[in-house]
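What follows is a single structure, and I will ask about it in a moment.
In order of appearance the chains are A, B and C, and numbering begins at 1 in each one.
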Amino acid sequence: MHMTVTDLACARGSLQVLAGVSFPLSPGQALILRGPNGSGKTTLLRTLAGLTPPLSGKIVAEPDAIAYAGHADGLKAQLSVAENLRFWAGIFGGSGIDDAVSAFDLAELLDRPAGELSAGQKRRLSLARLLVTGRAIWCLDEPTVSLDASNVARFAAAVGAHLAGGGSAIIATHIDLGLPQADILDISPFVAKSLPVSDPFSDEAFA
Amino acid sequence: MSFWEYANPRKFMATSAMLLPWVATLAALCLITGLIWGFFFTPDDFRQGSTVKIIYLHVPAALMAINAWLMMLVTSLIWVIRRHHVSALAAKAAAPVGMVFTLIALFTGAVWGQPMWGTWWEWDPRLTSFLILFLFYLGYMALWEAIENPDSAADLTSVLCLVGSVFAIISRYALVFWNQGLHQGATLSLDAEQNISDVFWYPLLVCIAGFVLLFVALVLYRTQTEIRVRRLKALIAQERMA
Amino acid sequence: MIGLFKRDLALAVRAGGGFGLGLAFFLIVTVLVPFGVGPNTGILSTIAPGILWLGALLACLLSLDRVFQLDWEDGSLDLLATSPLPLENVAAIKALAHWVTTGLPLVVAAPILGVLLNLPGPGYGWLMASLALGTPALSAIGTFGAALTVGLKRGGLLLSLLVLPLYVPTLIFGALVVTRGAAGLDATTPLALLAGITLATIATLPFAAAAALRVNLR
């Protein structure tokens, strides 16, 4: 599934953080976002996912194509691992819970309440959720936080399988996932140096 | 030249700076004339005695308490539909002014009600609806204060203003259903025949004009302040980015 | 949609405090009133309709800040917003779940508390009818308030300040139904007006709540 981003400007709060971001994303391609802390990786991902409206520019993608996974795991502590997965599968109308469970080695944890999992296990569960959404474009924000080396490999394998199946992914991460299809997009050049031209309160302040 | 050009902060600042002294002077003139005329040069009412003279504060304040909310409703709608920042800031600027007018109306009402009805407060539909209006103003202002991002605050307070307006109207009718009330009929009414004699009517008109002008002057002034705050924030942001 | 509803119910049951807390609060408020106004049964039966409605209203208010806050904190709300489910539906389902876990138990418990306050005989039917028809409006209005304040650190107090004035018409008509009913009068008119408010809030406020959620998520 294709996605084209043209001249995108994004804001965090009321502050413009990125401007002029453009890239194409084709099926089977992964884009690794790089940039120092605070440069706007999270903002860009939230904008792509449709949570934050862009200040200007265009994002062309099919509707309901994007699955977003942010810093928070989005899990309910009182529900079991299986219930959490089933819930999101139901919401997204997706299937493939079994694949998700095996991809992230969750079979033994299925009946445990999510609240009793370790941080790394929670992360695996929240990544497994991506598989049950059935969405083609993954927007992932630091997905490997609190994963150990073997689970990072597991995650990389899951992304690889997703790409091989015609999906694509935009991942903000500092770790080398070892994906051959991955292109790196350094967002430092896009960091906004000034207020947007459209800011009605800036025009006169500097006149 | 379109009306919407005033939605540009620069244009608004220039125009309001030009208007403000005139509006403020006129407001002061009208208020001084109207209040002195009303307080000292009108006869006592044959039933209510000299207490009737509080009408020159009470009626204009009550009128503007409602009109201020109406103005906030309109400016909120303009913000929601056309995204003009000055409109949202004008709504923010009008809220405390409207709240103070509501308080004046409530206070003068209590002072008037004591000799007339023998009580400071009565759960009459009119009085009660002003109390509820006061609560709406409080909530609206509290929401503005609570949200950091100014655009989000403008959006959320606009939604609250729209929903609140509908509920304010429903409350008004619910209150009539709830209690028939002591309050005399409307002093001013567009359809009914005039129920106030000319002697009281003319100074009242001057006072109303004074309150309207005072409201306009205060809102212009406060909107200017809000715009300056936003410019300052823009400057600081620019400084940090460079 | 049903999945979200079921999950919210399951969470309310398992987390504890979903069903129980509101009810316990209702009970305590009602029990405290005679301590405040004295044990005179005549006075108590006069003010019973108002107290019961006010107690139910406060019990509803108590759990409102949880409607979206937990989902917002753990990131579920972001995911729901990117899901195929429109936020309008999310808001409506949240209001429904809030009503089932808070309003519905109040409807069932109210007659028992009515006995404590000496509510006159004919009032019981009207009490249950008015609460059954009126509490959904409380949940719908409250969900809107919760959506407005979801991102705020101290949203709870602000939520009460915003929501309580909006509760005025519902409270007036609801308590009026019971007052008239308890006096043996016909209360169909206020009951119909109450139902009108409920229907109007259910039909429109999920849209306002969704608009507020979108602003708060960005």
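The rule is simple: a contact is a pair of C-beta atoms (placed from the backbone, for glycine too) under 8 Å apart; a residue touches a chain by one contact, two chains touch by 3 or more.
None of these values were measured; they are calculated from a predicted model.
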item: Identifier of the chain whose CA centre is least distant from the whole-structure CA centre; value: C
item: Chain pair showing more contacts of the two, A-B and A-C; value: A-C
item: Longest centre-to-centre distance from subunit C, chain (CA-based); value: A
item: Whole-Å separation of chain centres (CA-atom averages), subunit B against subunit C; value: 32
item: Distance between chain centroids, defined by C-alpha means - subunit A, subunit B (Å); value: 48
item: Distance between chain centroids, defined by C-alpha means - subunit A, subunit C (Å); value: 37
item: For subunit B, residues that touch 2 or more chains besides their own; value: 152
item: Residues of subunit C touching at least two other chains; value: 218
item: Residue numbers of subunit A (touch at least two other chains); value: none
item: Subunit C contact footprint on subunit A (complex, rising order); value: 46, 49-53, 64, 66-76, 78-79, 83, 86-88, 90-93, 129, 133
item: Subunit B contact footprint on subunit A (complex, rising order); value: 13-15, 192-195, 199-207
item: Residue ranges of subunit B touching subunit C (in the complex, touch as defined); value: 132, 135-136, 138-139, 142-143, 146-147, 152, 155-156, 159-160, 162-164, 167, 170-171, 174-175, 177-178
item: Residue numbers on subunit C that touch subunit B, as the complex places them; value: 144, 148-149, 151-152, 154-155, 158, 161-162, 164-166, 168-169, 172-173, 176, 190, 193, 197, 205, 208, 211-212, 215-216, 218
item: Of all residues in subunit C, those that touch subunit A in their complex; value: 2-4, 7, 10-11, 14-15, 73-76, 78-85, 217-218
